[in-house]
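Two complexes, one shared chain (subunit A), two partners (subunit B, subunit C).
Moving on to the complex of A and B:
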């Protein structure tokens, strides 16, 4: 057994403590509006973790993540209305189908790097936006697209989580599993291979790393997490709107993942708070939610100028310094 | 045994390697030549990062030119680069382990081999440190240790002594000399340090402007008039 796989670092303990807080405390204290906001934020945290991990570990910029969430959501809704599968089956199938889309996206993208890769993924996001706007999301109608006008069919959520509080806990548990899934990869052979690829593709090949395989693998993981996030979002709302999955949202979630800090579990959390919770706060205070874009811009400038590892990196550094001052092991 | 047969590489109108042939049969071979002679180009062809326009390269009788670079590595071909390629995020141990990950075999045996090569290179105490925390020599040693694991058949070092002190170069030379006894692998070394090359290499290929100008036992090659004229220089005697 690989002991390194199960070693919990101080950062890891902090992450688990935060997950426990989000699982136990947040659903108990939040009202119905904030339950909805926090559930949505948790879903986007999962999607941001995928895009952040690709950027931090492989230097690959994917601007399709929210579009991939839309695929996961579409598949989950379609399965929900076509079959009587439990929610968990829909979740798994939606994640796997989106992972397959991630692989498809990887095929042309693997020959590209940097700006060109980002542009190809952005074009894919644009294509998905058009598809979602044209064909809409299933709501219980007939035929392949399953769209109808008028009253919507009820959506079957997970049997384990029939209240909004329980559903937030359900989503937090899924997001935690998603983060642990990424962490496990980073500690095993794929993580070592990705680190070598980020260093230099030639060096990775000289070390026997199949660069194509591991890049495709990374796209697949990002797709899997986006698909799961899309399904969970569909489960939260019971329906999806094409406006949620526009291509600028993919750019936004990537930028916020960088602002939050792509190398840490905390980064996607910060990204999702900025993306969903800050606008909700502004709305609850009666302030124009477009002010959030100014906050995002300031955050991005802050990250570019002073925090190459994002806000999460600065928090980790501050925590490390505090630990050293207190005489704890850094 | 490495057989390089009539290898030619052209970049547009520039002939980087011009019908180069050599058969390396001894444990450590060297490739020297002035800057731009084609040394690294030849190494890139052997490791698969460049495609030759013509010619063949055989390692232990098998033609390797049609094999993908990462598969060459999995079949025992190792190389280091002029600038050591260590992942800053990974520990020294993981930087070595990455070479073994694609290979078959039990994890415990792989871990044992990594520990063995850490000991050989003197990196045992540094095994848990991240690549970013290492000195230049420690990074180079990590690179060497990575080349030693996984039953290598051919190890190529591209200017491994670049930037090292005299003492560090001497220690590196000792390591290179011990590779054949340790792993059974043949080694090819490119370097400008003639002292290192002459100490560790049994035979040597000299390139100049992409052409082979000498090949044979090291002492004979270093005494060759053409080699002196093209690379080593001749002594100017003042009357």
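Moving on to the complex of A and C:
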């Protein structure tokens, strides 16, 4: 087995410490409103990690990540009402189905790149938005679409997590696994292939890297994470609303993944905090939440022009400098 | 050329299928309304293509600039100004925002990937959207034009003059831009820059000036489409900001470089979207039409392409 696979870097330790903090401390101190905000933020962190990793490692822009989350959520709700599977089975199936959708989306990606790829994913996001708005999310009704008016059927959450506190812990554990899943990929053959493709597709091809396979693979991982995130979001709320998965949201989550910094675990966390926690704070202080849009927009421009590694990159640099000053690292 | 005919034949077949068995008086109404909205998709797409070719920036903020303009126009009209002043204020706002971005922010990203430049305009769109939504609280509003009340009879159908203006302006502006690019010196320079920015700079083409003209055209079209969308669809900043997505779809049918194809693409998208209302099964998903058409055209255009090495920006 590859020894480097399990080596924990200082950044990795920080990430694990943060995961432990989010697992142990946050659910104990948050009230019911903040539990729901933090659970939703954790789900979006998982989705942002998928889109951020594709951008940072392959330069591929996907503007349909929240739409893919919607697919994961739809499949999870559909399975929940159609069969009596435990939540975990629904989670796995929803993730795999969304991964397949990711691959389907990757088919044009094999031939398109850069701007055209971003645009084709934007078209997909636009299409998914309309499908969700038209057919709605299953809520226990009959037929394939499973939608009915009136009272909702109860949603079966995970047996391990029956309270909101326990569910936040459950989601944090799943998100941590998702981050570790990406990290493991980066440390094995796919990571090396992606690094080479990012540097030069020509060199990668010449070195025998199957460019098509690895690009599709990346799309699949982003889809898998989005699907799991969608299912976890459905589990948190017990129902989904088509307004959550509109195409502007996909654009926003990509933008925030860039603002947060797409190269490390901290970036998607910052992105999801900006996306879910900051507007909730603004709302609880009585500040107009539209100001959040302005902050996000300015943050995106700032990140693109001056900080290519986003806020997380700046924090890493600052932490590195502090560590050197304290003599912790040569 | 064969592709053109294939596209037109496919669109005509879909329209025929959708209107099969319906009297012309019914399907004609949807064609007329679709042509008006399609004209705006096309105009949005043309503004995008002109700017993209000259500067390499795919401007996602044109919808937001139009939204800001439309809200200003509504406000100016509410203050009791003479209506043409309100309309002019819409176009002026969009021009100031667009040219301002083009001169102040875009140069900072001039040497980055096209996708980074496009994403940056999203940031600008979010700033405008946030500001506009902050200034005007969420209330139902409408932007009424005097031409909404005036109807003209055309092939036995009553069409409002606003819709005729949208369609006429679309044809006129497309022709005007085609003549401008083909017959004027600035147009020649714009084509040169679109073809090769570095070589044009070496030959002494004033890049900054040419780019500013392109941003100006984009701003004018953003203002005009914003005003018409606000009238024909809804005066709501979020809706208007993201009307840019079907415009991108129209631009894609012209492969981001051919304005005539964008015109055909935009018009056919509008008409098919509108005519889908006639189909009981598909009317719920009718706004999906531009995305499906754009995705199919994109895939069709790429059918012969193979995965080759990345090209320059």
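Going forward, the second predicted complex is superposed on the first by the 329 of 330 C-alpha atoms of A that agree within 3 Å, B and C clash if a C-alpha of one lies under 4 Å from a C-alpha of the other, contacts with A are read in each partner's own complex, and residues count from 1 in each chain.
One rule holds in what follows: contacts are C-beta pairs under 8 Å (C-beta built on N, C-alpha and C of every residue); 3 or more make two chains touch, one makes a residue touch a chain.
Fair warning: this is a prediction, and the values are worked out from it, not measured in the lab.
> Sharing subunit A, do subunit B and subunit C clash or fit in the superposition?
Result for subunit B and subunit C: fit.
> In the superposed arrangement, does A:239 touch subunit B (first), subunit C (second), both or neither?
A:239 sits against neither subunit B nor subunit C.
> After lining up the shared chain so the two structures overlap, which partner does A:211 touch, if you call subunit B first and subunit C second: first, second, both or neither?
Both subunit B and subunit C are touched by A:211.
> Once the shared chain is lined up, is A:202 touching subunit B (first), subunit C (second), both, or neither of them?
In the superposition, A:202 touches subunit B and subunit C alike.
> Quick one: subunit B or subunit C, who's touching more of subunit A?
Of subunit B and subunit C, the partner in contact with more residues of subunit A is C.
> Taking the superposition as given, does A:30 touch the first partner, subunit B, the second, subunit C, both, or neither?
Once the two structures are laid over each other on A, A:30 reaches no partner at all.
> Given the touch rule stated above, what does A:278 touch, subunit B (first), subunit C (second), both, or neither?
Touch status of A:278: no partner.
> What is the C-alpha-centre angle with subunit A at the apex and subunit B, subunit C at the ends, nearest 10 degrees?
Given the fit on chain A C-alpha atoms, the answer is 80 degrees.
> Would you sort A:192 into first (subunit B), second (subunit C), both or neither based on which partner it touches?
First partner only, subunit B.
> Using the superposition on chain A described above, determine whether A:166 touches subunit B (first), subunit C (second), both, or neither.
So A:166 meets neither subunit B nor subunit C here.
> I want to verify one number: the closest Cα approach of subunit B to subunit C after the superposition, in Å.
Value for subunit B versus subunit C, nearest C-alpha atoms: 7 Å.
> Which residues would you name on subunit A as touching subunit B in one complex and subunit C in the other?
Correct list for subunit A: 200, 202, 205, 211.
> Which subunit A residues qualify as touching subunit B in the complex?
2, 189, 192-193, 195-196, 198-200, 202-211
> Taking the touch rule as given, give the residues of subunit A at its contact with subunit C in the complex, in rising order.
Residues 59, 61, 108, 110-116, 118-120, 122-124, 126-127, 130-131, 134-135, 200-202, 205, 211-212, 247-248, 251-252, 254-255, 258, 288, 290-301, 304-305 of subunit A touch subunit C in their complex.
> Which residues of subunit C touch subunit A in their complex?
Of all residues in subunit C, those touching subunit A are 58, 105, 108-109, 112-116, 118-120, 122-131, 133-134, 238, 241-242, 245-246, 248-249, 252, 256, 284-285, 287-288, 290-292, 294-295, 298-299, 302, 305-307, 309-310.
> Using the touch definition up top, name the residues of subunit B that touch subunit A in the complex.
47-49, 69-71, 73-74, 78-81, 85-90, 94, 97-99, 101-103, 107, 146, 150
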